[in-house]
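Lettered A, B, C and D in written order, each chain numbered from 1.
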Amino acid sequence: MRVQSPFRTQKDSVAEKSGPVTAAIIMAPAKKNILERLDAGEVVIGDGGFVFALEKRGYVKAGPWTPEAAAEHPEAVRQLHREFLRAGSNVMQTFTFYASDDKLENRGNTQRFTGQQINEAACDLAKEVANEGDALVAGGVSQTPSYLSCKSENDVKAIFKKQIDVFVQKNVDFLIAEYFEHVEEAEWAVQVLKTTGKPVAATLCIGPEGDLNGVGPGDCAVRLVKAGAQIVGINCHFDPDTCVKTVKMMKEGVEKAGLKAHYMTQPLAYHTPDCNRQGFIDLPEFPFSLEPRILSRWDMQKYAREAYNAGVRFIGGCCGFEPYHIRALAEELAPERGFLPAGSEKHGTWGSGLEMHTKPWVRARARRDYWEKLNPASGRPYCPSMSIPDGWGVTKGHADLMQQKEATSKDQLKALFDKASQGH
Amino acid sequence: MRVQSPFRTQKDSVAEKSGPVTAAIIMAPAKKNILERLDAGEVVIGDGGFVFALEKRGYVKAGPWTPEAAAEHPEAVRQLHREFLRAGSNVMQTFTFYASDDKLENRGNTQRFTGQQINEAACDLAKEVANEGDALVAGGVSQTPSYLSCKSENDVKAIFKKQIDVFVQKNVDFLIAEYFEHVEEAEWAVQVLKTTGKPVAATLCIGPEGDLNGVGPGDCAVRLVKAGAQIVGINCHFDPDTCVKTVKMMKEGVEKAGLKAHYMTQPLAYHTPDCNRQGFIDLPEFPFSLEPRILSRWDMQKYAREAYNAGVRFIGGCCGFEPYHIRALAEELAPERGFLPAGSEKHGTWGSGLEMHTKPWVRARARRDYWEKLNPASGRPYCPSMSIPDGWGVTKGHADLMQQKEATSKDQLKALFDKASQGH
Amino acid sequence: MRVQSPFRTQKDSVAEKSGPVTAAIIMAPAKKNILERLDAGEVVIGDGGFVFALEKRGYVKAGPWTPEAAAEHPEAVRQLHREFLRAGSNVMQTFTFYASDDKLENRGNTQRFTGQQINEAACDLAKEVANEGDALVAGGVSQTPSYLSCKSENDVKAIFKKQIDVFVQKNVDFLIAEYFEHVEEAEWAVQVLKTTGKPVAATLCIGPEGDLNGVGPGDCAVRLVKAGAQIVGINCHFDPDTCVKTVKMMKEGVEKAGLKAHYMTQPLAYHTPDCNRQGFIDLPEFPFSLEPRILSRWDMQKYAREAYNAGVRFIGGCCGFEPYHIRALAEELAPERGFLPAGSEKHGTWGSGLEMHTKPWVRARARRDYWEKLNPASGRPYCPSMSIPDGWGVTKGHADLMQQKEATSKDQLKALFDKASQGH
Amino acid sequence: MRVQSPFRTQKDSVAEKSGPVTAAIIMAPAKKNILERLDAGEVVIGDGGFVFALEKRGYVKAGPWTPEAAAEHPEAVRQLHREFLRAGSNVMQTFTFYASDDKLENRGNTQRFTGQQINEAACDLAKEVANEGDALVAGGVSQTPSYLSCKSENDVKAIFKKQIDVFVQKNVDFLIAEYFEHVEEAEWAVQVLKTTGKPVAATLCIGPEGDLNGVGPGDCAVRLVKAGAQIVGINCHFDPDTCVKTVKMMKEGVEKAGLKAHYMTQPLAYHTPDCNRQGFIDLPEFPFSLEPRILSRWDMQKYAREAYNAGVRFIGGCCGFEPYHIRALAEELAPERGFLPAGSEKHGTWGSGLEMHTKPWVRARARRDYWEKLNPASGRPYCPSMSIPDGWGVTKGHADLMQQKEATSKDQLKALFDKASQGH
């Protein structure tokens, strides 16, 4: 199979010092937009979650989870975009997760960067790399502390509006409202995003039990479509199995309502069979001991196939995804798409690269059959297979969830520790 | 605790376009060399393994495992160096693993890059990033297919000589002979490295059972010291527990022989309690389903402490290490060293960053006690905790191990598959 | 708490040779019948499954699972009855599982014993031991190969009738139709049992997915009550968690239909979180490698409490139950019942007997808190936590399920092995 | 293969009421003694541990672990003997474990039965059942609280002497000193046992690390042989793998010393890969949550084969063994012995009885290949595979180990709980 170079220009090589590449970029033909692709039945490969990937690389702080790195360490963000592009991503999402001013203020951002600075820098980086290949730029907004703290619809919408203004000015290709636990807030976001005239996708971070107010996946999807989203689906909080299952329920709901939509999934790269409604946040391992749950590339090929079979055509990832996970999606669907991603030059499909390994018994693993059947060991005999999730059964409006600008105080922490130890 | 900026110059920021930084580099004082540091009792933090990290990012092919990316995709290699520097590494190893011509020819390298090109490019990248901070550059050589195929001592030494010539010309700070399964070949390497007059470190990829010819860790260490290595230890093939245990045996051997050395460990970031002599290569999960075995940052802090207590002062990592793993080593030993790495600006020690998390029950996890006691679940109830290693009990000299330039043929593969399935 | 002696006469002691105990038996007051007990809100403790317990003791053959031991090895059967009585059982079920003539013929019984002989011997044994305490005798019938082979309603009912005739002649206290996978066959059984005028209980071996024809638990229960059963519930095939969940669905169904019934559960003593509709039969471990799934006494106390809280008042066990499991049920519900079983003289509640252990760190385990929180290890690091069930998706009427008298032939077995290996 | 009836007389059948069987017993030829059998190279199958088996049946109290049931509930003890005989045991051990007066006083025995009463009753029961087949009676003594509390050699030997007097009077066939953690005490026991002129076997409950004073298995064995034991080996505390490994070390020691002995193993029926020196006592699961560790019959066949291959010819079991486990030993070694045990009439070798199962996919499991390869699941996804043992590193002479007659007081318990919780 042909390996497609998604790179229109060769930027990164021993030749990098040798000259200007601008010409090539100027001559590139216009790209098909997201709806044209999906309407034509193409598979669109998304990217992976930047927050977790950059936390491991040292550029994002777990806890606040804010994206100031777009302005602070652009090189690191650019490189990650490039790796996802090379792995096969057709969409570069701006690294603007939690980049609303209420969040940046609220969670200990050092104030060196305003929301506007971060959003602008993130757009520039996504655009720069997207233009090195055939990818589109998607501007993203996500749930706000303002909603959780019961601010008004107008207040919350104003938050979204501020981010959108940057996306419009930077002329991104389309917009994604993602990572919403309450469909109501997602609707508000979609309504704001629609004012731009750009295509709008909306994904909730919910499972089969529905959103945190108990609205089922089918109903959620109908409300998002009615609010104006052309693409709906699920991102984050659950593993691929659960996300595909949930998006099927969304699809059923939309079809039963006589509506139409495209579907997308951007799940975790962590196995979460033991999660309840609130997903991996509630797992005791979140966020610093999730390693044993990381999906393999073979798990990812299974996910790509199942999502495809469920009618999903925008297939990407969220927290935990590394570039090789995205490449696995592109490799699994290469027969349907007709080409492999550029990154496959460094990967033999189904382990065939092992044919060149030194040890003969490792060469004997160079086959699909071997990897598909393997049940990998954890090397952790003192650890269990599943955990009982935490979670205090509270949602928007509960006093425990009111957000504050200040870091949690010592007294507040002590109260939390006590509450937690009683819960176990 | 003070966060030390290992960066002498601020290269990577929104300010990056705004001006030259060369002046700062010129003025930097001379760095202490590796032996001065170790003799002074300093802790030297190593970096992580590039082959596995770049395989996941899409720049290295599993199977051949060759480092042509140094020449082919320098941006990706540079960025990984920079992440390790930021995480606290004091050593930038040149990305020259398996960069000997016999290996590059033997394993399907496309011949666009010669060994010399790769070695030169790797030195330049390591040096560039090392000079952004207080790190040293180490030129590295590793075991050769020539030795496995029973070439003469002269032939094997000539292979090492070719790489060394580049390291001398590029004036690296010191040299590492690493990843040797047979102490005899490592001795040969050390003898060649010694001719340069630079400090020499040597690490074997063996466990407590000794090298593949059955020479115990203590005897191996004595032979390496006698050959001229000032620093000896273990890298790759086993988890931290096993590597620290093995290096203790080395230390005992050296001390019993009345010799002196510094010690280093650069283990896997995978749990391998079920490995036998040949280490993780023999695990059924190698190399594509090792995910459930990945160590957490807390596992790494335990490793750093145990290595330190065992008298190891050059503490780094190998395959599986990501920048956050290296940062964990630097954070654990911050009390001894007096400073935190730059990357800790994005990491609250022992999870304290979670104090700023949205959900109160996640804030309750912001404490050492919580993470130290947690036994993380795999989310894989259909998988076991341990595996029975493969491995056909053959080593250097066995027909099965003769290396060939060509990729394994269909017939050869069929014979391997049959042999493997009988073995199970 | 008072330890009640359920033994009206002291039969088994060093005094056993010393004299007649008949007098005591003669003077025993009439026992309350099963419905009087349940109507009064009493907790009735059932016994455990004889087939599995006696298989481990060497008196039942796995495969045929027939109860000829009642006639062939009465001593072994009597002893097991006595152990359950001592453990707290209020019901002695006749050991007549699969004691219908069509089953005895069909599955390799050596023909030394007729169905009538076995049924009679089983009644005598149950009665003898029941009269040593305050227990009732329940005559039991179970599903037939005739039904599976599509024999007529009349034929199947005739099978039940033959067993019932013995129960009437031996004057058992009440009747149980148990272990039915199809509610239709259970209804037929209940209809036959009702003709005796004795109280009738009926339990299906189904889970929340319903019977093998897809009839849900609620509907099943309604049909059984309408057929005349005064007590309905679940036995075998699933663990306590699943059985309690299923019987709750039955109760909801019965109540929604405006009917009334008593409820019973007699689950497995094996954990089965991974089962699908057909229960533990389909687990790869069935029947010879179920050991790692065996419930502890603490699991049993949890079960007793949950069954009680769900409104179940006839609480017993099935396959895998040993006497100490039954004792755990009686101990958990001792506060409600006001007394402990006789067997508790050899058991300190919640491990308190360990106060007399030699090692002090074992004495430190003499507390409820310790045992309730413990997640016991399997000592099997090469084994998984869950299995994927077999099961070919066939039920009554399918050619694969036609029963034959002869043992499976070599050719038939080969066909089965091939079919099985394709399935995996 | 012929099924041997070990029963000289048919005691247990529907015919049991019909007549005297004494004649047959009188005519039975003299049995070969234990040394004649072993010298002739015969395999001798031992029995299983009575304490754990009868605890589950309700006749032994965990904590004190004393055998008053021999006198108190003879029927239960007799039945268990009979089941082991039927399963293939050639040795009926008297149920006299911990039946020394210092233990009976020390651990809350209600004083209804003296040591002498219990020892006598136990001999009678073992003899009665042994005479129903071809089994020998072995009188057993085990370690004493007196030794642990530092009583003198004379005092400890006097304890053994009291039990031996009963064994001589009852004329048992041979003697076993078993379950010793300190070889010194075992030597004392052997010296007392030798005074009877009967064959003497001695087993320690130790692993490869040696006894609690650090004497290695080889040295222990040499000392026991020198003290006069003709048979030496290991019982209890560890799983079969560990016990076979340890007895191999014993054999090496004895042979290196130029001595001769027969060897025996009577391991646990629990997997204990995670144990340290003190064995399963220290596992957190001991004694009430060991269920997931129970060996299957297939594990037992593997044990029998490995013990046989290691040169062990007296092969039996200890805590956790049920009759079907003993039968598995006899079935595995049937080719060597030329016959199957009586109990095999109810067991198809390697699952062949499943050929008569109702469900075709269960019939497909009627083969050795299936059961040998199966890695059985625990059904416990929230539980680990291995545990970290307790154990406070104390042994004989330490204040914590001084034994007292009284049950541990509330204050003593509180101190223990505190000490234990600090330890975790």
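We take it that a residue touches a chain if its C-beta (ideal position, glycine included) is under 8 Å from a C-beta of that chain, and two chains touch if they have at least 3 such contacts.
On a predicted model such as this, the values are computed, not experimentally measured, just so you know.
Farthest chain from subunit C (centres taken as the mean of C-alpha atoms): B. Interface comparison, B-C against C-D: more C-beta pairs in contact at C-D. Rounded to whole angstrom, the centroid-to-centroid distance between subunit C and subunit D, based on C-alpha atoms, equals 31 Å. Centre to centre, using the average C-alpha position, subunit B and subunit D are separated by 51 Å.
With centres set at the average Cα position, the gap from subunit B to subunit C is 59 Å. The set of subunit C residues that touch two or more partner chains comprises 274, 375, 377, 381-387. The touching residues of subunit B, counted against subunit D in their complex, run 375, 377, 381-382, 384-386. Residues 11-14, 16, 55-64, 71-76, 79, 82-83, 86-87, 107-108, 113, 117, 121, 145, 148, 239, 270-274, 278, 281-298, 322-324, 327, 343, 345-348, 351-367, 371, 374-387, 390-392, 394, 400-401, 403, 407-408, 412-413, 416-417, 419-420, 423 of subunit C are the ones that touch subunit D when the two sit in their complex.
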